[in-house]
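The structure appears below as structure tokens.
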Amino acid sequence: MKEESKAEIINRLRSVAGHVNGIARMVDEDKYCIDVIHQIQAVQAALNKISLKVLDDHMHTCVIEAIEGEDLEERERVLSEIRDVFEVRGKL
Amino acid sequence: MKEESKAEIINRLRSVAGHVNGIARMVDEDKYCIDVIHQIQAVQAALNKISLKVLDDHMHTCVIEAIEGEDLEERERVLSEIRDVFEVRGKL
Amino acid sequence: MKEESKAEIINRLRSVAGHVNGIARMVDEDKYCIDVIHQIQAVQAALNKISLKVLDDHMHTCVIEAIEGEDLEERERVLSEIRDVFEVRGKL
Amino acid sequence: MKEESKAEIINRLRSVAGHVNGIARMVDEDKYCIDVIHQIQAVQAALNKISLKVLDDHMHTCVIEAIEGEDLEERERVLSEIRDVFEVRGKL
């Protein structure tokens, strides 16, 4: 991963962790359930964006490398990983 | 929310926050992108379960109360909130 | 379900079925895979809206009835159905 | 797309279209709302599998071709399409 992307992704993940701790505090302070759910959904949307960015970076580095390489098994492995990520996403 | 549910939900949220900080460390240590994405997806699955539990508790308390009450506007408000939660979920 | 809602939902479902048959034709005519996927995703978005409308109608009829009724088991059943719908949605 | 995959995908799409028309009949016959929603969710799960198969085929043909090719713009286009599919999926 490029250093720039890396720093951005780390920052966004730490901000998500802070957000989730904030939701724990909301629950502790008996905030309204629906507001708690909305905040959880906001976190899920943020995580969607982060994993999209990681995937995008991955395709522009490892996937291109693997397909350019001569190792056909490696190429197959890399493509099936993308497929798996998409499959799991369909179950979230 | 019942005290028991509250404690469990807070614990689970704190555990998710810890998991997300762990993912930030994985990125920092240049772990493989696909493993990072799998961990993000695991967090999203955990958040799905937490919001389901909050929703379930909410229906067994506020929703029942509102529908039993005589305030028709309040009842409408509560049902439309459930609808909204379901709608946003459809966009995640 | 109100007759008006019923007619609208039936129309929308038939239109979705037509859309899906159209996608089958696209595949038969060797249209570009990504365009096929986009059309499938459009159908999924349409189905989200339809199930949201069915759920909304359901809450304004059966759920209200069950909660107003005196049968506590029935009430529990109805709420757990909403929960299940939400849970399955989280796996799609 | 390979002829074999093509035939299978067309069959599955036609079966989904039949399923959706069946759901329209369920609504017409006043079947229970929650059963209708479960059937819609079953269709959505089937569509997830179909689009996964289309994506998988696409990666093993067009994506490999584009990355092996020398046209850098084409390569970029193909990867950004995969990204878009993943992004839209995150909003369904």
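In order of appearance the chains are A, B, C and D, and numbering begins at 1 in each one.
Operating definition for what follows: a residue touches a chain if its C-beta (ideal position, glycine included) is under 8 Å from a C-beta of that chain, and two chains touch if they have at least 3 such contacts.
Here the structure is a predicted model, which means the values were calculated and not measured.
**Q** Out of A-D and B-D, which chain pair has the most contact pairs?
**A** A-D
**Q** From the C-alpha centre of subunit A to that of subunit D, how far is it in Å?
**A** Between these chains, centre-to-centre, one finds 22 Å.
**Q** Let me have the rounded angstrom distance from the C-alpha centre of subunit C over to the C-alpha centre of subunit D, please.
**A** 17
**Q** Provide the C-alpha centroid distance between subunit B and subunit D, rounded to the nearest whole angstrom.
**A** So the centroids are 28 Å from each other.
**Q** Out of subunit B, which residues touch more than one other chain, so two or more?
**A** Answer for subunit B, listing residues that touch two or more other chains: 48, 55, 85, 89-90, 92.
**Q** What topology does the chain touch graph have (line, ring, star, complete, other)?
**A** Drawn as a graph, the chains make a fully connected set, so complete.
**Q** Quick one: which bits of subunit B touch subunit A in the complex? Just the residue numbers, please.
**A** Touching subunit A: residues 1, 6, 9-10, 13-14, 16-18, 20-21, 23-24, 27-28, 30, 33-34, 36-38, 40-41, 43-45, 47-48, 50-51, 54-55, 57-58, 61-62, 81, 84-85, 88-89, 92 of subunit B.
**Q** Spell out the part of subunit B that touches subunit C in their complex, as residue ranges.
**A** 48-49, 52, 55-56, 59-60, 63-64, 67-68, 75, 79, 82-83, 85-87, 89-90
**Q** Would you tell me which residues of subunit B are touching subunit D in their complex?
**A** 90-92
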